[in-house]
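Next come two complexes, and both contain chain A; in the first it sits with chain B, in the second with chain C.
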Partner chain A sequence: MSEFDAIVIGAGPAGASAAIRLASSKKNVLLVEKSDPPGSKNVSGGVLWGSSLSSIIPDWEKSAPVERFVDTKSVAFLTQDSKIGIDFSSKKLQQKKTGYTVLRAKLDQWLARKAKEAGAMVINGVTVEKLHMENGKVTGVEQGGDVITSDAVILCEGANPRVAIDSGLHKRLSDRDVAIGVKEVISLPEATINERFHLKSGAGFACEYVLGYLQNGVEAGGFLYTNKDSISVGIVVSMSHLRQNDATHSFDIIESFTGHPYIAPLLEGGNMQEYSAHLVQEGGIGSMPKLYGNGYMIAGDSAGFSFSNGLVLQGMNYAIDSGIIAADTFIEASKGMDYSESALKLYQDRLESSYVMKDMRTFKGIENVTWSPFVHKKVPAMLESLMLNLFMEEGKPKKHMTGMLLDAMSENDMLKASSIMEAYRMMRRM
Partner chain B sequence: MKIEDRLSVLNYKTDKSYAHITVKPDICETCPDHFCTFACPANCYTLIEGKLNFKYEDCVECGTCDVACAHGSVTWTNTKGAHGIKYKFG
Partner chain C sequence: MVLEIIVMVKQVPDSQEVVIDPVTMNLNRSLTRNVTNSADENALEAALRIKDKVGANVTVISMGPPQAETTMIECLARGADRAILASDRFFGGADTYPTGLTIAATISKIGKFDIIFAGEESSDSSTGHVGPGVAEFLNIDQITYASSVDYEDGYVTADRELEGGTETVRVPTPVLVTVLLNSNSPRMQTLRRKIDAVKKGMEVWDHDKIGLQPEWVGVRGSPTIVRKMRPIKERERAAKKIDVAGLGDLARELYEKKILKLEEE
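Let's look at the complex of A and B:
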């Protein structure tokens, strides 16, 4: 007889969601978290997209500690001197809120409290050292020589899944699997943020940037999200490009981003409250571990669930939904008291029919687009020269816009057949 | 802003009896790239007179160094007993 029906490792969005769902179905569940309070080692950009929480916490939009709803979503290319961007602001985003900026130390602590309220036992400040195995089946967790047993374990350790790696359930991470995320939280008065970003109270701005000015092959994206009275600003740098460069510090890239002529004024007068770093899942389907086995399932970032097409970065929604699907699979498996690999295959099946795995398959290879010299060098340079040609009035005869576009593309070596093919292949993947 | 100044705003509960990351000095001594010194966002890896110096106390537990070190020097484990970085915002 196990002490718990299920043990969930990690109280982030995936683990807390799994625990809430299990406890709400009267399962005896233990949620183990290494930080205390829960959330105090967790980092996101971060915008929580979608409404995944509604199935476990129906009133979450009112009760969760969210910062602002995204009212203006932008994407922009930055060159040394310029910003070329698209802003999308819409009353439709006010009526149907699709994304909220969040700060994870607050959000995850709230989620863990919700798990407790639902009936889960939540232990903070305890680090699971390894999985307890009996006859090739996961039957609990071990810490400091103590064993806690359960019928199954759901691993939701985040982007750096040590227990799964040390137990041989996840391969060691490599350059192609992850990028480095570095972030600052900068405080500014709420009224200043509203004024600076043209926002009404409660509304927020979220933007992803391509940092087209970085030298010597370094490729990085930037992000800037408004919280209630602070701004989350940061970069995500490709591990493999940084390695090839081997001369640029990851922490200097965020400095060059926050110091950019069109970013610095947005942060002016603010005080840096926190500096943080976190691995970002980037490998897509090729980086995914086997998601289930005898007595275990893997959810959230540990499973490699994330999405980035350069226009939007998502992870928490996949974490929440995969956690819920893992919990539902456990509940289904508990009817036959069968937690074997063949019974838990249902987890994979359910993921496959949900948007979680469908997105992973649809956007297979997207990382080759988001991390390419084409996106990080050619496109920003081409857009800058096109814009300059459009708006530089020098008293000379003008060309049609298509002519200017062709000139700008030609200047940046984009009219070669190989470049056109490259662009076509990329567009298909996005 | 210098990295030291950025790290100075952070809260840690330092575990004085357990280093959750260790390196093997003999491997670092012959390392051709010292990529850890560029990758680590918390500047835990520095070169002092050509010799690698590592301090776990400033670590923010991101896991970057374990991926960055291609030479098998880094042994990475989770902090224990709620030690290590404590974010207020995250």
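Let's look at the complex of A and C:
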């Protein structure tokens, strides 16, 4: 007989959600987290999109430590001298709140507390070394020479799944699977933030940027989110670009971003509270591991569930829902006391019929769009020259918009048949 | 008869993250991570080594709010046998005098003890009062600032690090020993022991259980009066970014300003 019904490795959104669901169904669950307290090693931009939490914590919008709801969502291209962006602010976003900025150090601690309240045993400050296998079946975890047994293990380790890799359930990460996120949390008075971003109390601003000014073919995205009395600002740069350019450092990129003429004024006068860096899942469906097997399931970032189309970055919603689906699968499997691969296939089936896998399949190959010279170099440069042509009044005869657009496109090599085909293929993927 | 060892521990804010509330001038404990006072981890390790050697019953005690539970569980997970937290709203706001009294009364309530261990001082107030205070309240001998501790046949032998050198003392039990920070390497917590610690849990004793009057403890029992506190002004540093190529010029400039010296001089 196992000591626990289920062991969940990792108390991020995926693991905590799984543990809450399992404990709420009276399962004897152990949630193990390496950081102390939970959340102190986690980094996310972060905006929590969607309302996945409502199925495990119905009043989460009132009780969770969220910072601000997203009232203005923007995307922008930055060139050396310019910012070209689209702002979307809507009363509709005030009525139906779709995204909240969060600080993970607070959110993850709160989720772990909820898991404890639901009846899970939460242990933090200890790192599980590997899975315990008996006859090709996962039957627990190993740590410090001891074996802690369970009927099944749910792995929610995040973007760098050490236990899954060391246990042979996940291939080693390659450069194309991951990016590096570097983030600063800069404190500013609440009133200053409201004034600077034209926000009412409680409302927030979230923007993703394409850093079109970077040299040597380095591609990076930026983000800026407002918290209650701080701003989360950071960059995501692909690992292969960092590796290919020895002279490029992630800290230089974040400095160039926070020092950009149209970003720096937003942060002026603030104090840096936190500086952090973390791996980011980028591989898409191509780098997903097998999500289940004899006695185990993989959820959240470890499973490769993240989404970025350049307009929005998402991960926590997929983490929460995949954690809940894994827990539900366990509960279903426990009825027949069967945690074999064939019983846990239900996890994959349920994921396939949920938005989690549907999104992963619909946006297959999206990483080739978000990481491309077309988006990172040509589009920003073209937009800048188009805008300059539109607004520079030099006493010369004006052209029609289409003429200007064509000029700007040809200046940036975008009128070639190959470029047009590339753009078309990209549009379809988005 | 099995040796009874008591270890006094305290949960403190992580010194790397301490935030002072600009209005009240108190530590803002809600914003900082709480950890076990480092020297107390060394005290526990010293106790556990004696337990490993001759066998002992190790009880950790602390005075503090309920969130000190994480520290108590951590001590159990490192190898303590029992954890008692003296916790009561009457204990709040105590200076070192009623703290020592409360802990001494808790120890008396436990009953038999041979050795009491404490860290040399806490990282958040750095007084070093409470350990010696407890020894005085209990009217037993004390060994302070011990860098190594051993026990044999009813005697504790310890090295004390003093300004002039090291003093070795041998004292019969019962005795209280305060242990120097970093004098040993505390053992790791394991998942197995941590699970067992959570299952075992801690005991919480209030003033009634310990047998203390509310007016003897906490802020009412504290003779200290804080007249004024002020923050130390942070020195403005001329943060200057320099190019590696300009390193030579910078070195010359610093040399000329006599900030930098050549080794031969």
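Observations on the model:
Definition applied: the second predicted complex is superposed on the first by the 430 of 430 C-alpha atoms of A that agree within 3 Å, B and C clash if a C-alpha of one lies under 4 Å from a C-alpha of the other, contacts with A are read in each partner's own complex, and residues count from 1 in each chain.
Heads up, the rule we're going with is that a contact is a pair of C-beta atoms (placed from the backbone, for glycine too) under 8 Å apart; a residue touches a chain by one contact, two chains touch by 3 or more.
As the structure is a prediction and not an experimental result, all values here were calculated from the model.
Comparing chain B with chain C, more residues of chain A are touched by B.
In the overlay built on the shared chain, the residue A:S174 is in contact with chain B alone; chain C does not reach it. Applying the stated contact rule after C-alpha superposition, one finds that A:G125 touches each of chain B and chain C.
In the superposition on chain A, A:D146 contacts chain C only, with no contact to chain B.
Using the contact criterion defined above for the overlaid structures, shared-chain residue A:K34 touches chain B, although it does not reach chain C. By the touch criterion defined above, A:H278 reaches chain B but does not reach chain C. Residues 40, 125-126 of chain A lie at the contact with chain B in one complex and at the contact with chain C in the other.
Of all the residues in chain A, the ones that touch chain B in their complex are 34-36, 39-44, 103-108, 124-127, 159-160, 162, 172-175, 177-178, 180-182, 184-185, 230, 232, 239, 242-243, 245-251, 255, 272-279. Against chain A, the residues of chain B that register as touching in their complex are 1, 3, 6-7, 9-10, 33, 35, 37-43, 60-64, 66-68, 70, 76-82, 84-90. Residues 33, 74, 188-192, 194-195, 198 of chain C are the ones that touch chain A when the two sit in their complex. The residues of chain A lying in touch with chain C in their complex are 3, 30, 32, 37, 40, 121, 123, 125-126, 128, 141, 143-146, 148.
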